[in-house]
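Each of the next two complexes has chain A plus one other chain: chain B in the first, chain C in the second.
Up next is the complex of A and B:
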C-alpha cells in the first residue's frame, strides 16, 4: 500500500480552497524547519518531505508525509500519514498511520499544515527508541483496503481498566 | 482671539467630553482627552483606546497646539503615529481659528476607524483588518475570555459546524463532537450543550453569550439582504430560526443606538456573511475520538466488542499516546491534552479500535 484513498474525495469547498492557498503561500515564504513541500498541482493532497532533526534517532533520515484535505478543511482535520516506509516509532504504524491526538479529536481549525508538521517532527524527536507500536500487526491487518486513519477510533482509555 | 473666547472654547470642550477630558490649564489650553472608539459601547467591540494630549502655547490659535499621545492600548506604532499625525495635520489646517473641539472630534473619529485588532484571523489566515484598502473587509470580534480575535463569519461558521456535527452525531447515536472539559460535560443535557465552546486557538472555554453579539450581527445582515447564499458556497442555506429573529431584533435596537452615535457597528451594506452551513450527514466512517463512547467503555465495556477490548488491553501496556509538541506560530502551546482539565483521570492513554468492530 502506498497511500490511503482519499477521505471521501469530495472537492474542496471554496473556503477550504482559500485557506489552503493562503497556507501554501505562507509555507513558501516560511516553511517549517526540516520540511519540504513537494510541489504538485494538487492543492488537496500535499506530499511533504521531512528530515529527522539533528541529534535525534532519526537524524538525516528522510520520510514522506501525505496530507490530504477534506471538503470542509479546516473544520475537519486533514488526513496525515507517512508514505511507507514509515519511520520506526512507538506511535507510528507500519502502514504510515500516526497516533497523534491533534490529528484526530484534538484537532482545531486554528492549526495549520505547518503546525501539524512541527508537532510530528517533535514527536519523532522525542522518541526514546525505534520500535513499532505493540499492536502494530493487528492494527495494520485491520486497516484493510488502505483505510484512512481518520476512520480509526482513537480513544481515551482509563488505565485502571 | 480674546482670552474670553478661548475660555469659552474650553468650557465647550468640557461640556462635550465631560469626564473624558482632563483640563490641566485653561489658558493657554492644555488638556488630556481620553478617547475610546465610538462603536465600543459594548466592551466586546473595543480593541483600542488612547489618551491624547493637546497643549497650546500663548500664541494659540495662531500657532497650532502640540498634539501627543500619552497612552494607548491596542495600537501598534504605525497606528499611533498615524493617529497623532492626522490630528496634527488638522491642527495646521485650522490654525488661527479656535479648533479644540474639532481636534478632539478628529482624534475620536480616527480612533474609531482604527478600532480593530492586528494580525490574521486564526481560522481563515487572512488579515482581520485589511490595511491595503483593497481586500474585502469583514467584521471581526474577540472572545472576551481570552481576547483572541476572529472574523465574525469565520467563528460563526466554526460554531455552527460544531453544533451541526454534534446534532448529527447524537442523532446517529454516534460521537459527540466536543471534547472533554467542554460543553459535553457542563452542558450535556438537551440544548444546554449549545452554551459553551472552546476557543479554537487556546481552547479556553467561552460562553455562548461571548459570541452572541456576533450572532446578532449575522442575523441583522441576513435580514438586510435577501439572500443568505453568499461567497458562492453552494452548501449554505439561510439560517432562519426563531432565536435568530429574536437576536435580530435585539441587534437592531443596538444598531439604532450606534447609528445615533455615529457608530461603526452597523454592518457593511455590501458585505456578505455566511450565516449557517448545511452539512451533509457525515459518512458513516467519519469518526473522531469519542468521549462519550469512551465513557461507556469505561463503565461497562458493553459497547466495546471483544476484539476491541482485547486491543484495548494489549495497548494499555504501551504508552500509546502521541503528543504534538512545539506547535507552529508560537501559538497554541499547552492547549493539547484536553484531559488535563479532568483531574480525576490523569493517566489516560490513547488506544485505537477498529471501526468495523463498533456496531
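Up next is the complex of A and C:
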C-alpha cells in the first residue's frame, strides 16, 4: 500500500486525528451518493472513488480522488486532486488539480470530506462540455515537481460550471 | 407487556447504533467534539471558543461564521454556561501553544423585577403585616421603610385626598421600581437595590415630613378600623 505520508507532510494533530476519525465513521454509516472510500490504514490520505452521476456527461465513468489532510485540518483545507487520468472538465487540469474555490480561499472548517465530495460531483454534473481548461498546458508545466494546488493562486472567474 | 419490552429494546438499539447523534446538538462545528467553552454566534451556530477564535484570528481571511457565512462580531457572541463545570482545566487546552484570550462573558440584562402590583386589597394586607414585622428595627429604618411602604399603598387608597401631593415620584412611578420591592424592605428583608431606594428616600425625606405625620395619623386610624 502507498500509505506512507509524503515526507514533507507533518503528522496530524490530535484534533485533526479525532475529527477525521469521526468523519470516517460517519462516512461509513452514511457515504455520499456516488462515492466509495477505498479503505487503507492511512487516516491522513484518503483515496475516494467517484462515479459520474446518471444523466450527465460523466455517467458511468469512474475516477479517483486523493484527499490529503494537513497537520491542522480542519483549520487548513485538505489537498484534493484527481488521480490522473482526471475527468475532462473546464475546471480540472490534466494533472488532476481542481479549480474549485472551497478547496482554497473559500474553505471553511465546518466543511467535511463528504461535503467537498458532493461539491465536486455537482461541479462535474453541471459541466456543459468535456474539455480541459484553456490554460491547461501552461499551468501543468508550472506545476512540475509535484507542486500542491494549494500553492496556486487561483482565480475563480467562472461560477457557472 | 410485549409491546413495551420491544419498544425499550429498540430504544437501546437506537442509542447504540446512532452513537454520533446523542450529543449532536452540542458538538462544535469545527472539531466535531462536545463543545468546550461553548459559544454561540448570533446566527445560532455552536463552537468551542478556542476553535472559533483560532479560526477567525489565525486562519480565516474574513469574520464569517464557518457554517453559514454570516458576519461574526465578537461582542455579539453568547457563551453557554451549563451546570457543574466552571473552568476548563488548562492542561486540557485544545490548542496548546496558541494565545487564546478568555471567552467573552455573557451580557446580563437587568433582572425582570418583582411581579406586577397586586390589587389594592392585598396591598393593604401586605401593608398591615409588614408594619407589624417592621416595628422592631431602629427608628430611622422604620421611618424609612414606612415612607417607602406607603408609597405603594397611597395611590390606590388615598389618591383623591392628596391632589397636591408634593412629589409625584413618591408614588413609585419610577421605572424598574414597582411597589412590590418596597414591601420587601418593609418586612425587614434587605431590598435588592438597597442604594437606590434609600437615596431616593433621603431626598424626599424633608419634603415628605409633613405628609408623613399626616399619614401616620391615617394609618393609626386605619389600624383601629382593622
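The criterion applied here is as follows: the second predicted complex is superposed on the first by the 146 of 161 C-alpha atoms of A that agree within 3 Å, B and C clash if a C-alpha of one lies under 4 Å from a C-alpha of the other, contacts with A are read in each partner's own complex, and residues count from 1 in each chain.
Definition applied: a residue touches a chain if its C-beta (ideal position, glycine included) is under 8 Å from a C-beta of that chain, and two chains touch if they have at least 3 such contacts.
In this text, all values refer to a predicted model and were calculated from it rather than measured experimentally.
After superposition onto chain A, the partners chain B and chain C occupy overlapping space and clash. In the superposition on chain A, contact is made by A:102 with chain B only, not with chain C. In the superposition on chain A, A:18 contacts both chain B and chain C. Counting the residues of chain A that each partner touches, chain B and chain C differ, and the larger count belongs to B.
By the touch criterion stated above, A:39 is placed in contact with neither chain B nor chain C. Contacts of A:138 after superposition: chain B is touched, whereas chain C is not reached.
Of the two partner chains, neither chain B nor chain C is touched by A:59. Within chain A, the residues touching chain B in one complex and chain C in the other are 15, 18-19, 22-23, 26, 72, 74-76, 105, 108-110. On chain C, the positions that touch chain A within their shared complex are 20, 29-33, 45, 51, 54-55, 58-59, 61, 64, 66-67, 69, 94-95. Looking at the complex, you find that chain A touches chain B at residues 8, 13-15, 18-19, 22-23, 26, 32, 72, 74-77, 90-91, 98-102, 104-112, 114-123, 126, 133-135, 138-139, 142-143, 147-148, 150-159, 161.
Contact residues of chain B toward chain A in the complex are 122-126, 157-158, 161, 179-180, 198, 200-201, 203, 231-233, 235, 279, 283, 285-291, 293-294, 297-298, 301, 311-329, 331-332, 335-339, 345, 347-356, 358. Looking at the complex, you find that chain A touches chain C at residues 15, 18-19, 22-23, 25-26, 29, 72, 74-76, 105, 108-110.
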